[in-house]
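I've put the structures underneath this note.
Same chain, two partners: chain A is paired with chain B first, then with chain C.
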Partner chain A sequence: MKQPIEFHQVSKKLGRRSILEHINLSVHAGEVVGIVGTNGSGKTTLLRLVTGLVYPDHGEVFVGGNKISPGLLGVLPTSVGAVIESPSFLPQYSGLKNLSLLADIRGKISLDTVKSTMKKLDLDPSNKKAVQTYSLGMRQRLAIAQAIMENPDILLFDEPTNGLDEHGVHIFSTIMQEQVQRGSAIMIVSHHKDEITRYCDRVFGLEERTLKQKF
Partner chain B sequence: MLTFELSQLISRYLWRWIFGIGVLCLDLLFYLNSQTSAPNSIWEFTFSFLTSPSQSMLILPVLFLMITIDVIRLDISSNFIQFLMVRATARTNWFIAKLTSLFAMSVLYTILVVNIPLVIGMLGGLDTSYVIGEYSVFFQTTPLTSLISTTLPTFIITFTTLGTMFSILSLYTHHHSVSLVVGTLICLLSYFTYVRYHDIGIAFKWMLTTHMFLLPKIPTKLFSSNNFSAPSFAWSYGYLLCLYITSVILGYMRVRKMNL
Partner chain C sequence: MLGSLLKVELRRFLNRWQLWVAMCLLVACFIQGYVAFRPFGLAIDQYHDNYFVAFSYAQGMGAEAILASVYPLIISLLAGDSLVRDKRSGFDRYIFTRVSYRKYILAKLLSSAIVVALFVYLVEFIMFIFAMAVFPATEKVLAIQGITPVYAEQIFLSYPYLYIFLITSNAVLYGIALATLCNFLATLTKNIYVVLVAPWILLFVMQLVFYNMELSDYAPLDLLGLYLSGGLIYQQSTLEIPIIFLTVIAFFFLATYLIFTWNIKRGIGK
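Up next is the complex of A and B:
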């Protein structure tokens, strides 16, 4: 049976530099897999491979049973929510406007759902201030709201608690539990050991371009 | 994805549109001051402005490039692309939305460059009826519909081609400023070709913005078929279409596989 996320012998170079070599990994539904590693080790590239932002040079990536490859149209996975690196919104719009514009692309959820998701992250949907005035923590919460609002089967988080205060971390923990219970397959990338040990069922270290299971 | 792109046509680039309109107004005022005799109507003012070599081959195209140069690149450089790609089923959906956006911007820009001179002319007290003075480059019998029906499609097609070519170039150069410089140089080259070599038809045919210079293509007092061989509208449209299609193919090849 196909897992939500599967890497088969995946290698990737960025420019001339080899970032990943012979990566094999699968993430099951309802599981949280953590990836740790030093800066520049390729952790974020793993997430970008799942989203289709980059394609593998060798090997195959399957998301939701579908192979992610350029093909004729530049195939992208469906049902993925992601927060990768420093997320950037449309700065001139409010948080609600940003999320509602994104939600309208697929038209899967209503404005009420967008608002309730924002409230879950302790964000005020009626706040008319432009996102460019948001603090780092608020932007991170908005990014998490963006990732979960359409109830995707797969969630990808890159340093998810970056900029969050204690209350924000608590909210994120609650959300993680809910998503696991929903059966989402989740990958978290971090260089904070605490973050990883708190949330993850399995943890891999990215060392010398390959994955090694830590626990 | 298309609705998403079109809904932000103005708001996402608002300051650039405002800048563009501001520069256009200043440009018009300078142009009006430089005229030896006052135009007889808002129509004569508008079309003499739009058919001026420096305006049509250089200033208006470069201004359009400044507004649109990173329409494709902006999502990538701002890292907003991650939110779009997880909601698109294929990268080409996003690319087609961008191409449509560029076309819509060229239509909007053409509407602006035609209407702003009309408004400024009205505010300046010029006659609003269609009157062509005896010293104008246009014949007094030239119908207004002829001027409009040649100007609008030529400008839209050229701006669309220009905007698309150099937006796609920025996917290869990794920074939109390089594309802007290259685009500006191409416009300069077109204008220089007219200034220096306008009697050499072949040089005129293969430049980019020379096709927006309408005076040699329509009956005027300045040019006749005896002393100037300008490409026909059909040739110009065909050439620009070839450039556009080539750019789109190169853009598609890049977008399909590039690291976003």
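Up next is the complex of A and C:
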């Protein structure tokens, strides 16, 4: 049976530099897999491969049973929520406006659901200030809200607690538990090993372009 | 899902300050054109000064009307920057987890065209009504050399209201071509200022090039309004103008789609 996320002998170069070599990994539904590594080790590239933002040079990535190939971006067979790299919103709009624009694309959730998701992340939906005035922590929370609001089957988090205060980290922990109970397959990448081990069922280290299981 | 994405894009266009600035600029250009045609209060002759002629003058037929020079900037401001802003902010990455990139780029191209069409038709309709209030009506439209339009003259003389719709439609097509050019530039760069201003500069440069090549009748800025008064060498037929614009639209539409999808297939970013 196909897992939500599968990597089979995946290799990837960025320019001339080999970033990933012979990556084999599968993430089951309801499981949280963590990837730790130093800056520039290729952790974010792993997540980008799952979303289809980049493609493997060798090997195969399967998402929801379908192979990621050029042109599959945005037509993945299963829903994916992602926080990859820095939070990226339309700076002139409020947080609610940004999320409601995204929610209206598929029309799966109502405005009330968007608002309740924001409140879950301790963001005020009635705040009319533009996102460009938000602190890093607020933008990170907004990015997490964006990822979870439509209850996706797969969640990808790149340094999810970056910029979050203690309360924000606690909120994120709660959200992780909820998503696992829902049966989402979750990948988290971070360079903070302690942070990863708190949330994850399995942890891999990305060392010398390959994955080595830590626990 | 293309429909819902289109609605989202249209909402974005209609819900920003650039729309109001573009409207003010277009209205200001028309008022400037009307005043240059006949200062208000001095328009008394129904054959020389009627509102059909006034509107055509302000549309760009008149040598003193500035609309042709400002129109590219108006359109860029209105509908030229949506794609480049998504790319620059990274917002497109969130969109791509929700909808296919093909539908995304189609929605961008279609929504900018729809916004331009709605905007130009509406504002020019309002400005025509304004002209009807300020300039005299006429019992009969006459052809007066040097005063009335030469382009599609028979339509002007027989069906003047239809003529107004025709030249407004030409302006709409011109605007859509400009908006599509902006989207095309957005596939090549993330610099908002290049996307917004380069089409304007390019048109001025091409204007000079066409004049130097003795192709002034097809010079881009002349194709916005001066073509109404007849070319220096050659007068375009009625359908020739919209066909030129439709060809330009089709070219940049296809080029934008192909380059965008090619970039996606190469992989976004690093």
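Criterion: the second predicted complex is superposed on the first by the 207 of 215 C-alpha atoms of A that agree within 3 Å, B and C clash if a C-alpha of one lies under 4 Å from a C-alpha of the other, contacts with A are read in each partner's own complex, and residues count from 1 in each chain.
By our rule, contacts are C-beta pairs under 8 Å (C-beta built on N, C-alpha and C of every residue); 3 or more make two chains touch, one makes a residue touch a chain.
Given the structure is predicted, the values throughout are model-derived calculations rather than measurements.
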Contacts of A:106 with chain B and chain C, given as first, second, both or neither: both
Which superposed partner A:54 touches (first chain B, second chain C, both, neither): both
Touched partner set for A:84, first chain B, second chain C, both or neither: both
Touching both chain B and chain C, residues of chain A: 14, 48, 51-55, 70-71, 73-76, 80-82, 84-86, 88-90, 92, 101-102, 104-106, 146
Chain C partner contacts - residues on chain A that touch it in the complex: 14, 48, 51-55, 70-71, 73-76, 80-82, 84-86, 88-92, 98, 101-102, 104-107, 146, 150
Residue numbers on chain C that touch chain A, as the complex places them: 1, 4-5, 7-8, 11-12, 16, 85-86, 89-91, 93-104, 261, 264-270
Sites on chain B touched by chain A in the complex: 1, 3-4, 7-8, 11-12, 14, 78-93, 95, 255-257, 259-260
Chain A residues within the chain B interface of the complex: 14, 48, 51-55, 70-78, 80-82, 84-90, 92-93, 101-102, 104-106, 146, 152
